[in-house]
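Pasting the structures in now, so scroll down.
After this come two complexes, each holding subunit A, first together with subunit B and then together with subunit C.
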Partner chain A sequence: MTTTRLGLAAAFPPDTLHALEGLLGAMADDELVLGYWDSEWTGIAPMLEEDVAMSSLAQDEIGHARALYALLGELRDEDPDHLAYDRDVADLRHARLLDHPRTDWAFSIARRWLYDEADAVRLEALAGSAFSPLAELVGKIRREEVYHRLHATAWLRRLADADGEPRERLLAAWRTLLPDAATVFTPLDGEQRLVAAGVIAATNGELETRWRQDIGGTCRELGLAVPGPAADPMHGRTTHGEAVAWLWGEATMVRRLDPEATW
Partner chain B sequence: MTDEAPESASVDGPPATVRQEPWEVFRQEKEGDPMTHGGSVMAPDAELAMHYARELYGRRQESSRLWVVRRADIGVLEDPDLLQPPLDRSFKKPGGYVMRDKLADARARTGATKKVASDR
Partner chain C sequence: MVSAAATGSSLEARAWSALAEVPDPELPLVSVVDLGLIGRLDATSERIRVELLPTFVGCHALEVMQAAIVERLTDLAPIVEVEPVFDPPWTSDRITADGRRRLAAMGIAPPGPASNDLISLDAPVACPLCGSTRTRLENGFGPTQCRTIRYCLACRNPFEAFKPV
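So, the complex of A and B:
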């Protein structure tokens, strides 16, 4: 299996392979950071059932990250845990949308909805990837994401349609998140090569347009602004700030005690 | 890096205006099995009740089907006069007939072997 996957990847020119690694790393970091933020609700979600649901969703995202790091690890012949955790926070390449802390429930729901809808567009563009191990993995991830999107949309509607505090909190979250919403589609180095090689069906610019078309109807129906372009596109996946530095300290705390330990 | 979570949110419970009610969850472990009562979830409506049932009774792939029913929609019969009447009803139970010896005789006559549960 490993030989086959490496063989498939070896068929790409080095530049394309490098771009593929960048894509896998960015996607994995997105899922890992969102998974850790949402796991911060464990034990304190608004109600018991939602506590289980949010924790389970967070675990799903970390599971997606794990599978993506494993694929990246095969390409680089490196340990996935090492790739994921033995890094300085400055080396993370998640979208700026995921830099914001957990904040309140409306904020976590708004972020999850914006991200899940963007992720869905990205996954769709990878479903027929010429790099078949990725297409295979994306097929499985998309089946889990069906439920994630139902859950996020159900909550977004309830918050948007409720009068008073729930809607006010959602609007506050929207104001904070909107300038960063489109950063999921920050152009990646060499992405034109990935499109040419059939690894991904479209550039991030094209995917961003699709995403805006997809979510436009729901946004207008709920009286929410449709996200514009990223406010700071130059730092869409870099310069992550204090909140993520704190989160990363938490996430890697045990591993840093003894990186060589086996569990 | 600090020890405190940034902008930690308030963790108030749901507002009093959100009316939640119990929903009963029935689950089928695998296709063909009977539906059995799994437990219950609290939810404000059918859609979220379905999501929570999925998380509490299906997230570990332990179910192949779930039924989610509003508890208020279930017809309940628990009147002891109807279910546990005080007069002797033992004549309605099959325990009066001891089949074991008769079956053994019949098997002896026909040469059949005793069926085990897995043959059924």
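So, the complex of A and C:
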């Protein structure tokens, strides 16, 4: 299988291959950072059932990240753990939407919903990818994401339909997150080549339009503003803040103690 | 004289029988064969190659299962390779009738159909303890990635259900 994957990738011109690596890296970083934020709820979620749910979601997302780093590792002939963890926080390429801290429950739910809906659009565009190992992985991930979206949507409605504090907290989260919501669709270097090669079905700009159409109905129904374009599109996946720097320190703490350790 | 093909196929049959004795570490009564986790299996006297289909992308039982399969098959061929693959994707529809009975015997409701993209958490699920379908979903997530938590309104017990996925 390894040789098949490398063979497939070798059929791409170097520029396309480079763009593919950028896509895999950005997606993997999105899932890894979100997974670690979710895991911060373990033990302290508002109720036991949500403790279980968030822990399971975290495991799913970090699992997706791991599989994406594994693909990237095969293309680059590098160890996936090394690619993921032996980096400075400045080298992460997750969307700025995921840069915000966990904050409160309404904030985590609002971000999860915005991200899950964006991720669903991106995954759909990869389902028929000409890079078949990615298409296969995405096929599997999409089946898991059904549960994520049911969870996020149910909670978004519950908070939005509640009077008083829950809705106020949701609206506060919305105000903070909205300028960064569309950063999941930050254009990637060489993405036109990926579209031309059939790796992904559309550019990030087109996917962003689809996402806005998809979520518009629910936003309006719940009295929530429909996200506009990213406020700072030039830095949609760069220039990370202190919250993620702290998270990254936590995530890599054990590995940094002894990078050569085996388990 | 036994033909090469016959040797190969009998070795393959022995490999399948051996795999039927490898349990899922999170579901000790259910084997990797019962769960439909084995994709292709190629067996020659030099080498056995098993494709393992993960239930979830991030399933942390995967390495344990890989090691258990290698250990169980190592008597049959000098080289045993277990490779996780996503093609075909594992779905809960792959769980065999035997696997479903064993899940229920462990107190875990077997999954409903998942063959289409409209996976629903609203489909009726029978309580593995009393058989009533008057059960409700408590949590779309559970103690492992592949389970939900439900409550039986008839016998008033909580129980776990395998996710249709």
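Quick note on the criterion: the second predicted complex is superposed on the first by the 263 of 263 C-alpha atoms of A that agree within 3 Å, B and C clash if a C-alpha of one lies under 4 Å from a C-alpha of the other, contacts with A are read in each partner's own complex, and residues count from 1 in each chain.
Just so we're on the same page, a contact is a pair of C-beta atoms (placed from the backbone, for glycine too) under 8 Å apart; a residue touches a chain by one contact, two chains touch by 3 or more.
Small disclaimer: the values here were computed from a predicted structure and weren't measured.
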Joint occupancy of subunit A by subunit B and subunit C, clash or fit: clash
First (subunit B), second (subunit C), both or neither touched by A:Asp30: neither
Which of subunit B and subunit C A:Arg66 touches, first, second, both or neither: second
Touched partner set for A:Arg102, first subunit B, second subunit C, both or neither: first
Which of subunit B and subunit C A:Asp180 touches, first, second, both or neither: neither
Touched partner set for A:Asp116, first subunit B, second subunit C, both or neither: neither
Partner chain in contact with A:Glu208 - subunit B first, subunit C second, else both or neither: neither
Partner chain in contact with A:Glu21 - subunit B first, subunit C second, else both or neither: neither
A:Glu165 touches, of subunit B and subunit C: first, second, both or neither? first
First, second, both or neither for A:Glu145, with subunit B first and subunit C second: neither
Superposition clash, subunit B against subunit C - the stretch among 1-9, 19-27, 91-99 or 109-117 that is involved: 19-27
Subunit C-contacting residues of subunit A that also contact subunit B: 49, 52-53, 56, 147, 150-151
Of all residues in subunit B, those that touch subunit A in their complex: 1-2, 5-7, 9-15, 20, 41-43, 47-48, 51-52, 54-56, 59
Residues of subunit A that touch subunit C when the two form their complex: 1, 49, 52-53, 55-57, 59-64, 66-67, 132, 136-137, 139-141, 143-144, 146-147, 150-151
Interfacial residue positions of subunit A with respect to subunit B in the complex: 40, 44, 46-50, 52-53, 56, 101-105, 107, 147, 150-151, 154, 165-166, 242-243, 245-246, 249
Subunit C to subunit A touching residues, read off their complex: 54, 56-60, 83, 85-87, 89-91, 114, 117, 119, 121, 138-143, 145, 149, 163, 165
